[in-house]
Amino acid sequence: MGKNRLEAFSDGVLAIIITIMVLEIKVPKGEEWAELSALWPKFLSYLLSFIFVGIYWGNHHHLLHTVKRVSSGIIWANSNLLFWLSLIPFATGWMGEAHFAKNTVILYACMLMICGLSYYILQKVIQSGHEPDARREQLFHVQEKKGMLSLVLYLLSIVFAFFNTAISGLLFLVVAVLWLVPDRNIEKALEEGE
Amino acid sequence: MGKNRLEAFSDGVLAIIITIMVLEIKVPKGEEWAELSALWPKFLSYLLSFIFVGIYWGNHHHLLHTVKRVSSGIIWANSNLLFWLSLIPFATGWMGEAHFAKNTVILYACMLMICGLSYYILQKVIQSGHEPDARREQLFHVQEKKGMLSLVLYLLSIVFAFFNTAISGLLFLVVAVLWLVPDRNIEKALEEGE
Amino acid sequence: MGKNRLEAFSDGVLAIIITIMVLEIKVPKGEEWAELSALWPKFLSYLLSFIFVGIYWGNHHHLLHTVKRVSSGIIWANSNLLFWLSLIPFATGWMGEAHFAKNTVILYACMLMICGLSYYILQKVIQSGHEPDARREQLFHVQEKKGMLSLVLYLLSIVFAFFNTAISGLLFLVVAVLWLVPDRNIEKALEEGE
Amino acid sequence: MGKNRLEAFSDGVLAIIITIMVLEIKVPKGEEWAELSALWPKFLSYLLSFIFVGIYWGNHHHLLHTVKRVSSGIIWANSNLLFWLSLIPFATGWMGEAHFAKNTVILYACMLMICGLSYYILQKVIQSGHEPDARREQLFHVQEKKGMLSLVLYLLSIVFAFFNTAISGLLFLVVAVLWLVPDRNIEKALEEGE
C-alpha cells in the first residue's frame, strides 16, 4: 500500500481547509474603507488559522516522511487528525464573527488542543508500527516538547479568555511562533533552558 | 492509459466532498454556548458522513490498487460512484438541518445504498476486465459480505425511521464500525458466524 | 518543463469545478418530500453538467497523453479551456434555478459551445507544436467529428429553446451520450453513416 | 525533503483559489438577460483575477523548477505567497460587487503589489539557498524587470483610481498582457527599449 496516495489525499484536504476559510470573510456590501476595516477580526482569525494549518501541513509532511509502511492504524489516525483540522474553519469563522468573544476563543483553543492530541496519536501509531529510527526519534522528541509547551499555552489562553481575550490571541501567536522557528534553534534554546 | 491520473482525480473529488460538507455547519450569529450546542445534529451528521466518505476513500484506494489496465468502463463506473458520493454533502446537510427527521434519514439511507451499489458496479467492471487474481478475489469476497450486511442495515434503518430515527442513526454507526474494523477480524468473525 | 504539473493542476481545477456545482443545490428548510422533489431541475442540471465536465476530464486525459513537450502556447490554451469550464457551475446553477427557462438554456448551450471551441484550440496548439503522430491524428479525427456533431446539436438546442426547452435538454443529453459511447463504436457508426 | 509535495500542495491551493472565485458570481434570481448582463463587473473582475492567478501558477511552476533543495525558508516564503494569493478572491469579489469603485480598485492594486512582493521574497530565498545557476539567474533577471514594471503600473492604477477607475482596470490588463507575452519577446522588447 503506497504512502503517496495518503500524502496526496492529506495534501488535498489540507489545501481545501486552508483555502475555504477565506470564504468566511464575506465581501462588504458598500465600498467604504470603514466597511473593510470592520472585517479586521475575521482577517486576524484567518491569518492565525492559516499559520496553524500551514504548520500542520509542514509537520505532517515531515511525519509522513518517516513512514515506511502504511497500516490501517495510520490511515485512521490520519483521518482522525484531518477530521478535527476540518473543523478549524468553523472555529475560525465563529471567533472572527464574534470579534474574539470569550466563548469563541475558548472553543478555538479547545479545537487546537484536540488537533494537537490527534497529531500526537498519529505520531504514536507511526512509532509503534515501525522499528526505532534515530532520525524519527529525534524529530518526535522535539515535537513532543513543543507540543507540551503548546498545550500549556492553550490552557493559559483559556484562563485569560475570562479576563482579556486579546492576551489569549497573543498566546495563540506565541504558539505559532514557537512552531515557525526552525527546529534546530528551538532545540538549542530548550537544551540551554534545561 | 495511466491509473495515476484516475487516482489523482478521484482523490481530489473525494477530498473536496469530505471538506465542503463542513460548510453546511454555518457559524452562529451570537457567542453563546447555547447557539453552539444547537448545532449538534449538523455536527453529528457531518461526523457520520466524514467517516463514510473516509471509508470509501480507503476502499477505493485498495480497489484501484488491484487495477492493472484502465478501461473506458472503469472510468465511467468510477465517475458514476463519484457522482453519487458528491451528493452525500447534500443529504448530510438536509439530515442535519432537519434534526434527523424521518424523510431526511430515509434519503440518507437511500443515498448510502446507491453509493454502495455504485461501488459494487465498479468492482464488477474491474473484475470483468482483468484476469482472476487470488488477492483481488479475496478482497472482493470480504467486501461483498460487508456490503450485503450494510444493505440489510440500511433497509433496517429505513424501517426504524418510521418509529425512531435515533435507532436509524445508530444503525448507520454500526455500518461505519463494520467497515472500520480491519478486514482480518471481520473475516474471522463472519467465518465463525457461518 | 514537465507535463505532470500541468495535468495535476488541470485535474485539481476540474475536480473542484465538478464538486462545487453541488453547492448550488441548497438544502431545503423543511423536511417534506415535496420540498425535495421541487429541486429536480437543479438536480437534473447538476447531473448534466457532471457528465459534461466528466467527459472533458476524460478527453483532456487522452489529449495530454499525446503531449510530449509543454510549451507556453499549450499552457495558455489549457488555461483558456479551464476558464470557460469554470463558468459551467454558474450556467448550471442559473438553468436549475430558473427551471430550464429559455434564456438560461441558451446561455448553457453557448457555454458548452465556447468550451468545445476552447478544447478545439488546445487540440490545434498541441498539433502544431508536435510532429505528426498516427495515434494522435486518429484520436483528433474522431474527436473533431464528434465536436462538429455536438456543435450542430447545440445550435439545434438553441433553436428549440424558443419553442420547448425540454427538447433542448434532451439534445444536451444526446451530446453527452455521443461522447460517452466508446470511440470505436461511434467511429464505426459514423463510417457506416457516410 | 522532496519538492514534489511542496508543488502538489501549492498547486492544490492555487487550483482552489482560482476556482472558488467563481462562487462570488451569484446566480440571478430571475431569467432575464438584463439580470445576467448586470453581472458584467463581477465577470470582468473574475476574468482579471483568473489571468493573474494563472500567471502566478505558471511563474511558480518555473520558479520551483529551479529549486534543488527545499529548506524551511522556502516553505515559509511559499506559504506567505499562498496566503496573500488566497485573499485575491476577496479583493476580486469586492471590486466586482462595488462595480470597480475607487476604494475597491485601490485594494485590488495593493493586493497585487503585496503578492508581487511575496513572489520576489520567495525568489530571493531560493536564490540565497542555492549556488548561482545561469538559467535561474536569467529567469530571475527577466522576472525582476517585469516585476518592477508591474509595480509602476500598479502605482499608476492607484493614482488613476482617484479620477477614472476604467483606466486602472486597463492598467491591470496591461500588466497581465506584459506577463502573458512569452519571455523571449518581452526580453527583446526590453533590450531594444534600453
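Each chain carries a letter (A, B, C and D) given by its place in the written order, and its residues are counted from 1.
By our rule, a contact is a pair of C-beta atoms (placed from the backbone, for glycine too) under 8 Å apart; a residue touches a chain by one contact, two chains touch by 3 or more.
If you're wondering where the values come from, they're calculated on a predicted model, not measured in any experiment.
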Turning angle required so that subunit B lies on subunit C, C-alpha fit (0 to 180°, nearest 5): 90
Quick check on subunit C against subunit D: do more than half of the interface residue numbers occur in both copies, making it same, or fewer, making it different? different
Chain-centre distance (mean CA atoms) for subunit A and subunit D, in whole Å, is 28
Distance between the centres, which are taken as Cα means, of subunit D and subunit B, whole angstrom: 39
Interface hub residues of subunit B, defined as touching at least two other chains: 8, 12, 16, 20, 23
Complex contact set, residues of subunit B against subunit C: 1, 5, 8-9, 12-13, 16-17, 20, 23-24, 72, 75-76, 79, 82-83, 86-87, 89-90, 93-94, 97-98, 101-104, 107
So in the complex, the part of subunit C that touches subunit B is made up of which residues? 7-8, 11-12, 14-16, 18-20, 22-23, 25, 27-33, 36, 47, 50, 54, 57-58, 61-62, 65, 180, 182
